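Following this line, the structures themselves.
The following pair of complexes shares a single chain, subunit A, combined with subunit B in the former and subunit C in the latter.
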Partner chain A sequence: MVEKKKRERPAFNRSIAAAISKHYKDVQTNKPMAYLLMASNPLVEIAYAARIQPAFPENYACACAAGHASAGYCETAEAYNYSPDICSYCRNHLGYIYGPGENPPTGGIGEPDLLLITSSACTHYFKWWDALHEIYGKPLIFINTPRVMEPQSKPDFYMDYAMREIEQAIGEIEKAVGVKITNDKLSEAVKLSGEVVDYWQKLLEMQKAVPCPMDYSDLSNALFVLIVLAGTQEGVDLMRETYNETKQRVNEGKGILSKDEERHRLLWINIPFWYKLGIFGYFEDRGCVFPLSDYTHHIWGTTRMDGSKPIESLARKALEGELNTSVDDQIDKLLKDAKEYHIDGVIAHSNRSCRVLSVGMLDAVDIIREELNIPALVLDCDHTDERVYSDAEIMNRIDAFLEMLA
Partner chain B sequence: MSSVLEQMSSAVSNAPAVLQKMKRNTGCRMIGFFHPVIPEELIYAAGIHPVRLFPYFDDSITLADSQLQTFLCSYLRAEWDQIVKGKYPYLDGAIIPRSCEAVTFLYQTWRRHNPYQFIDYINVPWKRSENAISFFAKELGRVKRDLEKFTGREISKDSLSSAIEVYNRNRELLKKVHDLRKSKPPFISGLQAYHVVMSSFVLDKREHNGLLEQLLTELSRRPQSLKAEVRLLLSGGCVIDSRLWGMIESGRAMIVADDVNNGSRTFWHFVEDRTNDPLEALAKRYATVPCGFNTSIADRFKYISEMITEYEANGVIFAINKNCESEKFVYPELDKKVKDKLHVPTLNIETDYLIDMAPLRTRVEAFVESLKV
Partner chain C sequence: MALMFAGIDIGSASTKAILMADSQIISYHIIPSGSDFAESSQVALDEALNKSNSAFKDIAGAVTTGYGRYITEINAEAVTEITCAARGASFLCADTKAIVDIGGQDTKVIKIGKGGRVLDFVLNDKCAAGTGRFIERIATSLGLGLDEFAARSVGSMTKLPISSTCTVFAETEVISRISKGESLDGIIRGVHSALAARIYGLAQRLKIQEAVVACGGGALNAGLMKELRDLTGDITLPPTGIDPRLLPAIGAALIATERYALNPVKHSKLSRPGV
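And then the complex of A and B:
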């Protein structure tokens, strides 16, 4: 019988929880408010420079899933003809719009004054924001950037296009909200975003330590700061606090598990099951930690931001995140990182809602398994729609994997 | 059936054999592609035969499951299954567009499993602004250089202009055939129109133009013999299963217009202003193809509402493939607009590779019966 332990989580989780709570109050009260997506998105810094309150329906879907409200919202969306084939982040949000219920998680996400979207993630988001444009009738401002399939030989005109798109969007946003986004304001937001990224990169580096100082759920929490608060002093302060505490933990040899307890270091590919984050505790009880994931390491915070070159930095941000690159690029990064983070096993979530992170994954898993000679398990599931999750089936497969690992 | 229609129908049914024979007789290279957003003229001007990729309906999906999950589009999975089974020996490569995720990410899966020599990727913009068109023209220039490297010969401005002439002529003739469905009753059925368009994805465009000219002559001499008590518009992504078109038209209904990738979206818009920069002209044209992934709900509604009005459709059938996320995302709002603004009844059916037609037939028959005309 494996003992289920209550472990002390890093204290920064409490500060981040308070920031999340404040964010959801702000989206209800601050005006103008815009919906943005959570990809490597240049519009976040632009929104802050324009004093627009950003809100993130994907993050809201995660919150709803964690509160076990997503299945109901997905059902409501389906009653409005949104097929179960559509990403559950989108269905969660559309279900919330059509039937929020009396007590929506976090108090709700509010109605936007503006819709800001980039193409640096997937077609779903583009279609999602277009549907919101129909539903709310609010201005839709869209930055279209190319997908970078071959990062090593990216043509120069890709950057030129992204930069022109960003400049054009800034003009459209100024017109829509009647605020001038000065160079100084934009530079300041990009500079602050850069500071958050710098701390984030150092934070990820510390995950290489044994024992691992943070687990996947801690890093997922810190992602909120990296994405939602990019371009704010609040974000810099929170990320610094997260970094300082983690650095201290590493210096003191403190991990999620002790050095003796930590037997396996696993790679998680794709988004977690937001309604079942306790699954990481299950792994911890069996001596496994997750120092590395493509979701935490490769999608966001990959671009060094330079406040003296704001448009160029934002264009690079749009082009460089994993959601805008290719499967081969993902595989290269995972192979390199798996060695540096001392990974000895892989859990891959074949996520029916996230095609960007799932198409090509079966190849990626085969390659990692063969090149690194480590075991891998593929779990078919969904990041938000809890109805797809089968506890018996998933846990059975995980147990079999853990037995093999032992 | 007209002899030309029989030839076209045969080319579609026997596409692998037709293409294999063409390859044997001419020795030409062939490049496959998905979706009507790939500028075929570029491939054609390079002296390569462009082949639109659709799966043949003759085999269940087996090998593809190890690379593509079952929650992805079944047509794409069937297509990939047939590629890895070596059923397209005539292909020398492929060009993949940035469209839905399943197609987009097939690019590197294709390259990794390397069944053919040439593979390229085109970033199709999702907007139609001046900035987007200028970018798209440069992207086409990059692909042009890749094709030149592959063939070892330059694609001249003249050869590109000439290819555009051939393709514009094809569009003009296809539109004329499409317009024959405006009359009451229509001169050709939806299923026949399906074969006319689908054969253009197999045959050489010049040969196809000749057949279309013959077909128009034949049809002008033929008395109208079709019945269409109910006139339908068919909307969806890739509605490539001929059984579905036949089943819808088996009663008193006829498909008089369509909004599908393998139908009007392929030929509706022409390449204009080609005198200066053919690449920019191609970019302008191909950025306006109203596919599910790159077109707003407002633009899609404009496209189909004009068609419903012009072709006097009494009803709309949305036939959307399982796991086609782009079309499924557009459907709820588009459907609402068609019902609320045009007061035209609609039916939504979900299609799938090798799907059993019987349950769909029951629903289509009930819908057609419900339409008062």
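And then the complex of A and C:
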């Protein structure tokens, strides 16, 4: 049996954990509060510019899964006629609303004053936000964006349309909360968001180092800063701290594993199993790191934000997110990065909940496997609904994959 | 005298223990796994030892495999049945390019390279409908033994489609068709055909087209093999006299032999309670 090792985690994780804890206190107390979705969402910066506290039900689902509360919440939602075929982020949240229990993870997520949604992520979410509108009766403000098939050649009228949608949403938000969102405030939020993105991009670039300086859990933690704190000075400070420490680790040749221990660099496709993040430690104990994932590298944090052009930057953020682009584009990015990050194996999570990330995934796996001549493993599971996870099956497949790599 | 090595495959349906020396099978024993994997692995190994008139202390090294590979009181090294089945198939049929392993818990398609190295593999998704249990469960619900179930499929001239989405739903469909007075043999063939189609779909994911060996309990089912051959055209069984369920255990014994050769000290301290 391989020995399970206790590894020293980078110190920035403690600062991020404190920020997460503060965020979940803020969503209980700060008013007005709005529910937002996470992916490529220009409404985050707008919310901060309007002094609206954003809360993210998807992120809350991750917290619930990590606390092993999701399965119960999903069951509750199903009892309220939400089918098991609906995304488990959604079922987790609705189940929490209908039956939070005595001690919900993080103390709960609070009731919103406003519901903000964009079409640039998952189409599934409109109905989720519809349900929230039905439950809470609060204003629902929606930004519609056209689907971009080729991000490098999007027609000008796409930008014009997205900018008009954003301007219109700003007007509706001002009306809903009675606060004027000045150009200065919006520019400042976009500028700060841009600084977070710049640090994030440099952080991702550093994952190319051997040994890899961060593990998947560290990067997932930092995602909280990128998404939830986009547009805040707190976010800039935390991302800078994360970047500086990681840079120092790279300069010192310090990795999650030592250079000798790091035997395989794997690509993780799709969202991780939030209730089983320890799985990455299992891989590390066997000499494997994950410097690359579509989830950390491609879905968000890809748009350069310019504080002097806030509306244009926000429109590009909405249009350029990977969930708003074509499967071909996603595969091209994965293939290019797999080469640059020296990937020698693929773990692909065929995610029952996330069809938008799973459609085309098997093609991506085939193409990477054939072009790079590296092995791949597909795991059928779910990002939040722990009932779908079968330890014996998953671990047996992982063990066989590791034997194949050896 | 050549050193003796053991391969113990503790699968969900059956436990197989094999003893090999000088790359030759000395003896083997297969028993149902039951609910106590530690006990079934001991019993299977003891029976194999009895058949070869040898004792536990005569085993130079061992490897355990299968879903119960960690649940044995023998302190042997554990290797997955995917790696072991590939090694076993390559040993028995040197030209093998792939295996279709139809077990009780899952169905695997394994692409094999030189020396029995696993190049790639796929398993059925989370559903009993893709495994040998699918056939076992429907045969049981019809009160038929597996041999008769397979024979009726082979003998049927008709094939009635049965959904393979879910074992329980397929059972319902079978009952519904029987109640409509449809041909039982045609239904049984439809059941075998549904599983074969799922297995074929898996094999297509790895683009496997030639030199495929079938193993696992499913390979003993003539009805399933016939339907698979109809789809693939080229799927064979292990050489005559080798039970197709034994491939992972054979591979385990061979891996034990190789590991002992690399490091005899590390791999010779085999023990179990009371021995």
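Definition applied: the second predicted complex is superposed on the first by the 405 of 406 C-alpha atoms of A that agree within 3 Å, B and C clash if a C-alpha of one lies under 4 Å from a C-alpha of the other, contacts with A are read in each partner's own complex, and residues count from 1 in each chain.
Following the convention adopted for this analysis, a contact is a pair of C-beta atoms (placed from the backbone, for glycine too) under 8 Å apart; a residue touches a chain by one contact, two chains touch by 3 or more.
Note that the structure is predicted; figures quoted are calculated from it, not measured.
Novice: Evaluate whether subunit B and subunit C can sit on subunit A together after superposition, giving fit or clash.
Specialist: After superposition on subunit A, which the two structures share, subunit B sits beside subunit C with no clash.
Novice: Let me test your reading of the model: by the given contact rule, A:D380 touches which partner, first (subunit B), second (subunit C), both or neither?
Specialist: both
Novice: Is A:A348 contacted by the first partner subunit B, the second partner subunit C, both or neither?
Specialist: Once the two structures are laid over each other on A, A:A348 reaches no partner at all.
Novice: Scan A:I52 for contacts with subunit B and subunit C and give back first, second, both or neither.
Specialist: A:I52 sits against neither subunit B nor subunit C.
Novice: If you tally the residues of subunit A touched by each partner, is the higher count for subunit B or for subunit C?
Specialist: B
Novice: A:D399 contacts which: subunit B (first), subunit C (second), both, neither?
Specialist: Second partner only, subunit C.
Novice: In the overlay, answer first, second, both or neither for which of subunit B and subunit C A:S119 touches.
Specialist: After superposing on A, A:S119 lies in contact with subunit B but is clear of subunit C.
Novice: I'd like to know which partner A:R369 touches here: subunit B for first, subunit C for second, both or neither.
Specialist: It touches subunit C, and subunit B stays clear.
Novice: After superposing the two complexes, find the smallest distance in angstrom between C-alpha atoms of subunit B and C-alpha atoms of subunit C.
Specialist: 6
Novice: So subunit A touches subunit B in one structure and subunit C in the other; where do those two contact lists coincide?
Specialist: 350, 362, 380
Novice: Spell out the part of subunit A that touches subunit C in their complex, as residue ranges.
Specialist: Contact set of subunit A toward subunit C: 1, 350, 362, 369, 375-376, 378, 380, 388, 390, 392-393, 396-397, 399-400, 403-404.
Novice: Quick check on the complex: what are the subunit B residues that touch subunit A?
Specialist: Answer in residue numbers: 66-69, 71-72, 98-102, 104-109, 112, 121, 123, 125-127, 129, 131-132, 134-135, 138-139, 142, 293, 296-298, 322-326, 328-333, 335, 348.
Novice: Subunit B touches which residues of subunit A in the complex?
Specialist: So the residues of subunit A touching subunit B come out as 80-83, 85-87, 90, 119, 122-124, 126-128, 130-131, 133-135, 142, 144, 146-147, 149, 155, 157-158, 160-161, 164-165, 168, 326-328, 350, 352, 355-356, 358-363, 380.
Novice: Per the contact definition, I'd like the list of subunit C residues that touch subunit A in the complex.
Specialist: For subunit C paired with subunit A, touching residues are 67, 70, 78-83, 106, 117-123, 125-126, 205.
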